[in-house]
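My structure is below; once you've seen it, I'll send some questions.
Chain lettering (A, B, C and D) follows the sequence in which the chains are written, and residue indices restart at 1 in each chain.
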Amino acid sequence: MTNQTLLTVEEIRKHNTPEDCWIVVDGNVWDITDFAPQHPGGGQIIWKHAGRDATTSYSEIHAPSVLSSNLDPSKLKGAVDSSTITDEWQKPPPKLTTKLKLHDKPDLYSLINAQDFEDVAESTISKKTWAFYSSAATDCMTRSKNREYFSKLWFRPRLLRKVGNVSTKTTILGHDVGVPFFVSPAAMAKMIHPEGEKGIARGCSDLRVPQCISNNASFPVHEIVPAVPKEKNHPFFFQLYVNREREKSEALLRHVAAQGIDTIFVTVDGPVQGKREADERVKVDEGLITPMSGQSTKNDRQGGGIGRIMGNYIDPNFTWDDFAWVREHWKGKIVVKGIQSWQDAKKCADLGMEGVLLGNHGGRNLDTSPPAILILLECQRNCPEIFSQLEIFVDGGIRRGTDILKCLCLGATAVGIGRPFLYALNYGEEGVRHFNDIMRQELEVAMALVGITDLAQCEARFVSTAELDAMVGVGEEHPYASGKRLRGRMSERAQL
Amino acid sequence: MTNQTLLTVEEIRKHNTPEDCWIVVDGNVWDITDFAPQHPGGGQIIWKHAGRDATTSYSEIHAPSVLSSNLDPSKLKGAVDSSTITDEWQKPPPKLTTKLKLHDKPDLYSLINAQDFEDVAESTISKKTWAFYSSAATDCMTRSKNREYFSKLWFRPRLLRKVGNVSTKTTILGHDVGVPFFVSPAAMAKMIHPEGEKGIARGCSDLRVPQCISNNASFPVHEIVPAVPKEKNHPFFFQLYVNREREKSEALLRHVAAQGIDTIFVTVDGPVQGKREADERVKVDEGLITPMSGQSTKNDRQGGGIGRIMGNYIDPNFTWDDFAWVREHWKGKIVVKGIQSWQDAKKCADLGMEGVLLGNHGGRNLDTSPPAILILLECQRNCPEIFSQLEIFVDGGIRRGTDILKCLCLGATAVGIGRPFLYALNYGEEGVRHFNDIMRQELEVAMALVGITDLAQCEARFVSTAELDAMVGVGEEHPYASGKRLRGRMSERAQL
Amino acid sequence: MTNQTLLTVEEIRKHNTPEDCWIVVDGNVWDITDFAPQHPGGGQIIWKHAGRDATTSYSEIHAPSVLSSNLDPSKLKGAVDSSTITDEWQKPPPKLTTKLKLHDKPDLYSLINAQDFEDVAESTISKKTWAFYSSAATDCMTRSKNREYFSKLWFRPRLLRKVGNVSTKTTILGHDVGVPFFVSPAAMAKMIHPEGEKGIARGCSDLRVPQCISNNASFPVHEIVPAVPKEKNHPFFFQLYVNREREKSEALLRHVAAQGIDTIFVTVDGPVQGKREADERVKVDEGLITPMSGQSTKNDRQGGGIGRIMGNYIDPNFTWDDFAWVREHWKGKIVVKGIQSWQDAKKCADLGMEGVLLGNHGGRNLDTSPPAILILLECQRNCPEIFSQLEIFVDGGIRRGTDILKCLCLGATAVGIGRPFLYALNYGEEGVRHFNDIMRQELEVAMALVGITDLAQCEARFVSTAELDAMVGVGEEHPYASGKRLRGRMSERAQL
Amino acid sequence: MTNQTLLTVEEIRKHNTPEDCWIVVDGNVWDITDFAPQHPGGGQIIWKHAGRDATTSYSEIHAPSVLSSNLDPSKLKGAVDSSTITDEWQKPPPKLTTKLKLHDKPDLYSLINAQDFEDVAESTISKKTWAFYSSAATDCMTRSKNREYFSKLWFRPRLLRKVGNVSTKTTILGHDVGVPFFVSPAAMAKMIHPEGEKGIARGCSDLRVPQCISNNASFPVHEIVPAVPKEKNHPFFFQLYVNREREKSEALLRHVAAQGIDTIFVTVDGPVQGKREADERVKVDEGLITPMSGQSTKNDRQGGGIGRIMGNYIDPNFTWDDFAWVREHWKGKIVVKGIQSWQDAKKCADLGMEGVLLGNHGGRNLDTSPPAILILLECQRNCPEIFSQLEIFVDGGIRRGTDILKCLCLGATAVGIGRPFLYALNYGEEGVRHFNDIMRQELEVAMALVGITDLAQCEARFVSTAELDAMVGVGEEHPYASGKRLRGRMSERAQL
């Protein structure tokens, strides 16, 4: 190999774009422009070395001869003139941890269910985004049981009931909607797609799927709401985390109301943030911000947990009494989000709330908190009267039209869906629209096969709860003594 | 290598049969006739390139040197005369997706149970046929629980009862039969074997296993019935999907009756088609037809789901009242197929049906619809009187003689077996006959070991249902309120 | 390579022993004497080709160059003089399927529990022996639940009870024994070790573990009994399968009594043989015989199932009444083996049997017959009086000292252990002795930790049966109608 | 290769340190100094052969050419002068089985939960240490159920309860502590880290986590206690195994009291040692000693089980009555450790003990003894009064803050944690401190999310025990007869 043109570092670094990409490996300079897009590991991992020395990264993965035996000799542009190397040039390239695509996404319409979107996300989005979105508290028991418990409910279909014309329309909190589900608030949608929450809004507008905007959204509410043309009168809700500095919440509520939003979901199941280990284990790109809560990502000794770091402003001392303050600053409807016991659900009804969302934060806060469907059954058992006093919502683990139908048969007005909307946004607004269509179609088929044509026909008798009934608590009863422990008290002899 | 005879495309394309097969790879022309049958990937994948340029397909799988190092130099016939290449010749060969055999089938008699037939089918039939036959609705919970729940029933054998002479004979819907099972209707048997439903008929004739011919069979009924000599008086039933255009169903029923068939199974659990994802994910060869329903396969944006596409003619608005119309156009016996609740089963008895088939369409329509055995137990609990009013059949997940015996002990007259007959047909009529023998032998052994010699001795006390009893619903009771939800209604404050 | 001495077939075949072993591969003659013992696949597979042409077997496994590149050139003795090849010489060597060792056995004393013996057997004995010994009926549910259900019983240990001196001695059917278990009859022990049942006898003599000799033993009883010196008065029992030709059984019983045996176990749970698929799938070496039943192995179209083929002589029409005939020809004690319901157990007591063995033939006959421990609990529930009327034994799935202790706490006199003794015999008599020691030690430790020192202290309160109680049948009750089916009867309309 | 300098053994053995390391393989002498630290199997396995013949070890792992093809020819220093070889030189190097590090430990602060510490230990500590620490009795059912059963308890959180200020402080046996858990006694901490129990003490001092020193500790109590400065008044307890030679225990108790310790845990669930198979299977370095029990490790024919060998001194005949002797020689508090039934727990209360530790020795003694949480529930059911009579502790399987909180809600004063402290000690005192911080933080978060701020607010109503209730025994009741077996008695006929 005598093609030993010496090239200066100044020259090499000019070729630092995907369109004109040189890299240095072991002193040799290669023009990798044509090859990079076909790189099995993705082009991006090459492009970040464009115009630089890639020897270290290269050597971790490849044998020395891979380049010379795969590239045409003409791609070897020469050798580095080592006398021109500078410290700056030798520095490793900037970390791009959250931008790196691992695989190409398959065609959107080859995805046919919620799990497909999740699988594609797992293999195509950055490690950090996946960690933040998918993670749940400690051993992730609640996250997995949220889903699993739906499969413990068997349908009891009734046949021959003229199901040629099925409608999934209903009303949620006074809004006419095309389907009995809405977007549960989930933070920082821009991490997966630049359209962020605006893309979700657009993808939801055809079916009129209400979007509950996260307090920790990537965009402020006044940028999200206009994403759908005003004449569509799209239903938006707003999720409120009550701020330790109340005046900030007050200002935010004023701002939200000014956008025409008439309902807030006050999240109450996160007074402190759960320990999401997958999220902690992956470093975060520092400096991402959530405009409405004014937080910014950073890493600390505990790890890179976005949820933990970004939730610092939430007031852990917010109590039932403080709802008077909420009512003072918010004249619209209020839904309490994250209720996990029939007692608290009943309290919401007694306090005149317009709705309650039964759920456990997708299993992200307290592990082994009860699966969502158990909370719903518990309310049916202990305070059935509340089902005519306020609207009952459920979220956590809903991935199928059959899951939705089961919740509605057991008394829910509608259900919330969280993570799947983020995974659908991986394809932008069109992905969200396709995901909504899938869920609507699944629900339609399930309704027809169970034997109903309108959601008003949902009844508990269409579902067998036998496998879960023994798990559902009744009243305050339990067979164990309480508050009688001798914690830390000594028997007399021990005092000697 | 100087054997560079130049060959014209015209010459090359003459060698385009399995018996005389040349292919071109990287410009070289190889005589692959002798090698193709031993090709680890099957001969067919080579033969479809016979007389053509196979470079693209070849390169996806093989290293460049595989041919030259495995074939005798004499097989290299020369090089393509590139001046003779035409556009037409370069076109890829026709798709043969559904015909491709992956592996050779093992000897038929080395297969000794239903699962063996399924395993062989999975590895030897086309991806599409496998997808269509094996698929079930969404998460396939019902398909798997259909089988699993049989293993939750323990026998309670009684010993020392003179079981040297066991008979599996019985009567089904007035027909003397050799075994208490029949072929459940399953569509498009020709996809797995050219004999299609005719092969099933022939393979069933010795044991007099009744065949319920699918409305979506690959052959019309007047071709299937004569497959068994008339003097054998073989029992056939016909499955009816009621057509949106009733006159088509009427004509079909007249035609069926004219073939001497005296019983129809009216399938009622598919007013709309379930979402069978495995089926959707594999493209179908377009233009396959089902002669009696007049449908034709095609692909659309949702996928290649045969079940969905071919079921369009089925009337979703068919109701209980419409059975009057059925009786008007059908003077024979009627079995209602797909019943999933004791209430609907009782309705069949009340309406004077001759039989009811409890089942869930093999889990293909509504996922988490109840496993077949649960429906049977539910009928025993809630309406035991119907067991003396009409014949009760069960299908879904039956794979063993013990499964059959359990159903009969719990009150079934006979059971239906669906997919396994298709998988047996992989070996044509002989495969079906062998499969029937296997099932009969398994049943005989089970009867002897439980302590009975005749199916009339089947009694519930031979089976412990303890593991399932808690799952069996009683009456309409359930612990949850119903129809009390406030779906879409606003509380007063919310109206503000 | 010019070492082309031509060798005649006559010369080659002289080198046909492990000590002097030549083989022919692709016409070349190799001296493989030194290499064979180190052959990764075992020497035996080479030795069976000693003095012959091994090309076919060799080529199935190895690339052509393996020999030449691994052996010293001096091992190439020459080439076959092809003019001397005879038909006889070219015949494949005799099948040795059941003798083939796959791996070397580890040191006996490195095995420390029953599972170790099973694991070693699986990897060191012939495929056929493993298939025959380990197989069970169809899906092997009962075989696996036999073991699994023991782990559903929790101990309730009581502490501080002076357990320094624990004794495992007890009395079984009038014999003083060292441990409360015995060798359950299992067929054809010689398949795993030439000592066969004699080795078991010798390995059991120190602890006085009773051996119940199989009717299908590899040796006749008069060869097994003398394997232990007469002065040891070792306890032997005999298993009887009642022969279709009663006079053969009568002669056998006379012969057994003449050997001094005072107890027979009459096996009643195998009137026909279960379908053991693993056994069927592996061909058997034909011509192995069981001297006492006079059967001989062979293969047929169903497969090579030893159990099925060798059990043909068993009378399926033997009934309770026939025990009069047994008593007439047997003056000793009688235990009925294979009882699976409390009703049949009670019948044994009513008929004055001396014992009953609750079990399901190790899951080898009827799959989904009840796990052994369930039968025991069912007897406790429904006929506790029989526990003082006859001795109750249990077998099936016992692998641990804790399993034994649980059975005894729940009322068993002793337990039978079957397959593990065969696997222990893999090491001959010493293996059996070591296995007995292991089981005794495990039992001792379990007794001490539960809080007892003598088996007479076993009580049901030391075991929690909570996880199984719901599975235990009470009386004849079950919630389902019985004998009310309309199997094969037509409703009136259907008669039209 | 002509670099055949002959080297004497005397010369070679000089190069016997990691800094200057020669080894001999197949007669060749290699300088392996530079390579050893990069050895994929770790440097240590090479260094132990430094200056010696490593042929045997080398050949077990590597092909002959590995050295010559990976090392620079200059590293071949010559050949052994075989005339200088001595017997001593040829001896295998000293066994270092317990010192061998397999992988480098990750950064301590990248470990974020108890499982992380366990995983790191498994891959970084010696096989033997891992086997001894992690092993449990026979099939390890109890060890795994100890953990699994915690996930069968669901929380019933109550929200909006002002949880901004959570305290984990409490009092254990009269000592103010920072968290409601303590170090359960576990033997021989020095096997994982030279600081041993002293490191645990130091790492526990900040949070005032009480340390219960094992009777089989690697250091004597008078070396462990001073590891924390006296002014910290750190809480230590002492575990007593009562010695067969009572005077040794008496002396030990005097010595313990002299160190200022006021509480002993008398372990009563190990009158004999359980069969820990993983521990038996790995040979132990002989001669390790436990100074307070005076035992020393060795291997015997049963294996290398440290637990079995080192526990020989424990008196299996110690009974309830002997507590009078304990009180005579110990004037402080007494906790009885290892109680597994409500009856024995109640007995402790009746005898005036200060505490009882419910548990099963981490599943190390009797397999299928009940999971720890079941014993706690059983006490709640049957003798709730004892919760105000003595302090109740639980250990076994506690790995999460949620586990701790569940135990406290169900009545425990505090919980013990055993193995995790050993795994944390892998990082010395700092590891222990970090582990304590993790557990405290997890507990804090769980408390806040359940809705309490102080451990005094723990109540049974915060936990649903529904999945376990059916497993909890009530009284002495069980449905089975007891003590009625006819073990070893013959029916009359049998006496003939």
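Just so we're on the same page, a contact is a pair of C-beta atoms (placed from the backbone, for glycine too) under 8 Å apart; a residue touches a chain by one contact, two chains touch by 3 or more.
Composition by chain, UniProt nomenclature: A, B, C, D = L-lactate dehydrogenase (cytochrome).
If you're wondering where the values come from, they're calculated on a predicted model, not measured in any experiment.
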Examine where the copies chain A and chain B touch and state whether the two sides share over half of their residue numbers (same) or under half (different).
-> different
Farthest chain from chain D by C-alpha centroid distance is chain B
Dist(centroid_CA(chain A), centroid_CA(chain C)) in Å evaluates to 56
State, to the nearest whole Å, the distance from the C-alpha centre of chain B to the C-alpha centre of chain C.
-> 39
Residue ranges of chain D touching at least 2 other chains are 472
Write out the stretch or stretches of chain C touching chain B in their complex.
-> 138-139, 141, 268-269, 271-275, 277, 280-281, 301-303, 315-320, 322, 338-341, 343-344, 365-370, 374, 470-473, 476, 478-491, 493-496
Footprint of chain A on chain D - complex, ascending | 109-110, 112-113, 150-151, 153-164, 170-174, 180, 331-333, 352, 354, 377, 380-381, 384, 387-392, 400, 402, 408, 410-414, 441-442, 444-446, 448-450, 455-456, 458-461, 464-467, 469, 472
